[in-house]
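Two complexes come next, and they have one chain in common, chain A, joined by chain B in the first and chain C in the second.
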Partner chain A sequence: MIEIALQKELTAADGIMKLDVDLRIQQGHLVTLFGDSGAGKTSILRMIAGLMIPDDGQINVNGSNWMDVKKGISLKPQQRRVGFLFQNYALFPNMTVQENLTYALEKGQDKKIVDELIETIELGDLQNRKPGTLSGGQNQRVALARALVRKPEILMLDEPLSALDTKMRMKLQDFILTVHKRYNLTTILVSHDANEVIKMSDEVFFLEGGKIIKHGKPVDVFASKRVSGKFQLFGEIINIEKQDIIYVVTVLIGANIVKVIADESEADSMSIGDKVIVASKAFNPLIRKIEE
Partner chain B sequence: MDWQPLILTFKLALTATILLLVVSVPLAYWLAYTKVKLKPVVETLVSMPLVLPPTVLGFYLLVALSPSNIFGHWLDHYFGLRLIFSFQGLVFASIIYSLPFMVHPIQAGFSNLDTTLVEASYVLGKSKIKTLFKVLLPNIRPSLLTGIVLAFAHTIGEFGVVLMIGGNIPGKTKVASIAIYDEVEALNYHTANSYSLILFAISFSILLTVFLINGGYIKRFWR
Partner chain C sequence: MNILKGNINSLNTSGRLTIVTLDVSGFSLKSIIIENPETVTYLRIGNPIQVMFKETEVVVGKGSDIAVSLDNRIDGVITEITKGVLLSSLIIDTKAGKIKATLTSESVTKLDLQPGEPVTALVKTTEIMLSE
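On to the complex of A and B.
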């Protein structure tokens, strides 16, 4: 069990924001910190890694005390066993893919893990290339592999997928899930994509203005009123248009655009940018294989 | 033509540059990452040789290092070092005189480097020293090269400081720039021209090499 309590005053774009969170994460779970930018998600990761010092709080990881402000304990980043995947990859440009990974090895650690990771993450052909010559998705995989070399107790991923296109995203989501299971990791993912959260995580913490306003299983958190639908899709409204007496709401679900009809009272309560659930129970959706 | 002043010049520039590198890397590292309030003061002191007339610097060094004064006496008493009118004195003065030319590029190199590289290295369990040598320095190679070359070239070109603190002792402190001045005084324009032409050619080729390397021309040529 990982118990985290953090308080810190952060200077945000619109004045000072007080971050005050309490997280309990079960060993082996993949949890998500979800919320708009500026909600304090990245700061939480940085404080867990020891890259930022909170004003008050404590971090207890599987019985060992990493940080306790009141007792004056704070392990250095070097002493905390975490893997951190930075938004901008933070790969060392002077080293090849393989060197980036071997750099992460601890004194006396078996080099086997590097080869194993290179294989898992399908980087064999690229291992002698430098990061500057790789694509964003490839760099992200290298960074993920590098974060795992030390066998971290907590793997933290700071919006790892936001800069990638949909196809690459899906592939990396699968990679993350694979390594999460294979190495029995406890993983904290930062994301502001509801679909990603639902696909990936066991539990989600919904952050707003530095506070956790909801937490639980993703489906429960996102569906405030339970809909007993046959299928449910999560998306974002990108357009609302009046046509005669009905309204056509355009929703972006993943990479797909869906049009849904709504009546006036429903349309009034919605605005562009809202996160919505599109659910259906009254008919059977047709399913067909796509010819490629 | 006497080659001694030229040889002395390069010996001085080489010694000063090597010592400067040893001093400047930690200093630039500290300046780039410190949050101490004193930082602007230290930065100003490091930059002073850029604006101060070399004679002013030379004058104060002469006063400070003279064995009849406290600092000079202390050096003489404990280390047996007499820094005025000696080669060691020239090295010391050159280090101070060329300090900004070495520190500034290296400091800029550190500052422009993405801070997440450092953080990534720390999170991977690596110490500050290991991070400095394996991650930071290899990634600011162009800045290091610029600093080394500028400091070297600037030391070759110094005149005022050397004249004040070193005097004009052949084989000991008479460097090329002073030899040129001497020859002109003695109306030996031909010898003065030889010295000058050599210094000009060398300075030009050194700077050209830097721009070629940092501009990536050499790499492109080899590909």
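On to the complex of A and C.
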């Protein structure tokens, strides 16, 4: 069990924000911090990593005390067993993939883990190349491997996939899930994407203005039980066009694109990039087997 | 989307399915949903509820005694017609509120629908969604 209680006054865009959160995360779970930018998600990760000091609080990781403000305990960042993956992968450009990973080893640590990670994250063909010759998705896989070299207790992912295209994002999501299970990690993901949250996490914490306003299983938190429609999908608007007197709204749902008809007043309130729920009754969609 | 306000009048449950009868400003509307009073808390007789259906799912009938299988019938008067090439949008003023309907322009012409005309908006039981 990882128990985190943090309080800190943060300077936000529109004044002072008081971050006040209590998180209990079961060992081996993958949880998501979900919320708008400025809600305090990244600050929480930074305080867990020891890169930011809270005004008050404690962090207890599987029985060991990482931080307790009242008792004056605070492990240095390098003493905390965390792996970090950001949107910017910050690999050493002058080193090969393999050298980047080896460089992350602790003094005296068995090099075996590097080979194992290269195999698990399928970096074999890339291991002698330098980051500059790799795609964004490939570099992000290298950064994921590097974050795991020291066998962290907590893997923290700060919107690592938001700069990638859908296909690459899905592939990396699968790699993250693989290593999360294989190394029995406790993983904290920061994400804006409801589909990603539903696919990846055991639990989601919904943050607003520095507070957790909801938490639970992703499907319970996102799917509205208050609407009877059984066909609820989360997506992002990628196009809106007027056809005759109606509007055709194109929505990206996971890797699928669907089109939904909207009327003028609905279309007027929507813009490209908006997150939407597409709802229908279970009675309406046709279902048929795909012929081989 | 059309959203009307109503109250739950009666519940007819069989396993996971329930036909909910609603009172919407004096009109009796029905919706079938895959829920029962044990799976959701909003299914209580007397509870206020929102009744939602898409404008493209509204059938417009003219005259009295329309013999079709649709349970849900709301009488009103057309207040506005916007004609497009293929589709037309109607606004029907009813005691339950304004209802939008999207029909083919051809059927608007065929039925000779005009503003001021009394009509009935019809919706299938399987097309009505409920929300708290």
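Just so it is clear, the second predicted complex is superposed on the first by the 230 of 292 C-alpha atoms of A that agree within 3 Å, B and C clash if a C-alpha of one lies under 4 Å from a C-alpha of the other, contacts with A are read in each partner's own complex, and residues count from 1 in each chain.
One rule holds in what follows: contacts are C-beta pairs under 8 Å (C-beta built on N, C-alpha and C of every residue); 3 or more make two chains touch, one makes a residue touch a chain.
Being a predicted model, the structure only gives us computed values, none of them experimental.
In the superposition on chain A, A:K211 makes contact with neither chain B nor chain C. Contacts of A:H29 after superposition on the shared chain: neither chain B nor chain C is touched. By the document's definition of touching, neither partner reaches A:K130: not chain B, not chain C. Residue contacts after overlaying the shared chain place A:K18 against neither chain B nor chain C. Once the two complexes are overlaid on the shared chain, A:R146 sits against chain B while remaining clear of chain C.
Using the contact criterion defined above for the overlaid structures, shared-chain residue A:I261 touches chain C, although it does not reach chain B. By the touch criterion defined above, A:K171 reaches neither chain B nor chain C. Residues of chain C touching chain A in their complex: 1, 31-35, 40, 42, 52, 54-56, 82-89, 100, 102, 126-127, 129-132. Across the complex, chain C is touched by residues 224-230, 244-246, 261, 263, 266, 279, 281-284 of chain A. Residues of chain A that touch chain B in their complex: 49-51, 76-80, 82-84, 86, 88, 90-94, 103-104, 106, 146, 149-150.
Chain B makes touch with chain A in their complex at residues 114, 116-117, 119-127, 134-135, 138-139.
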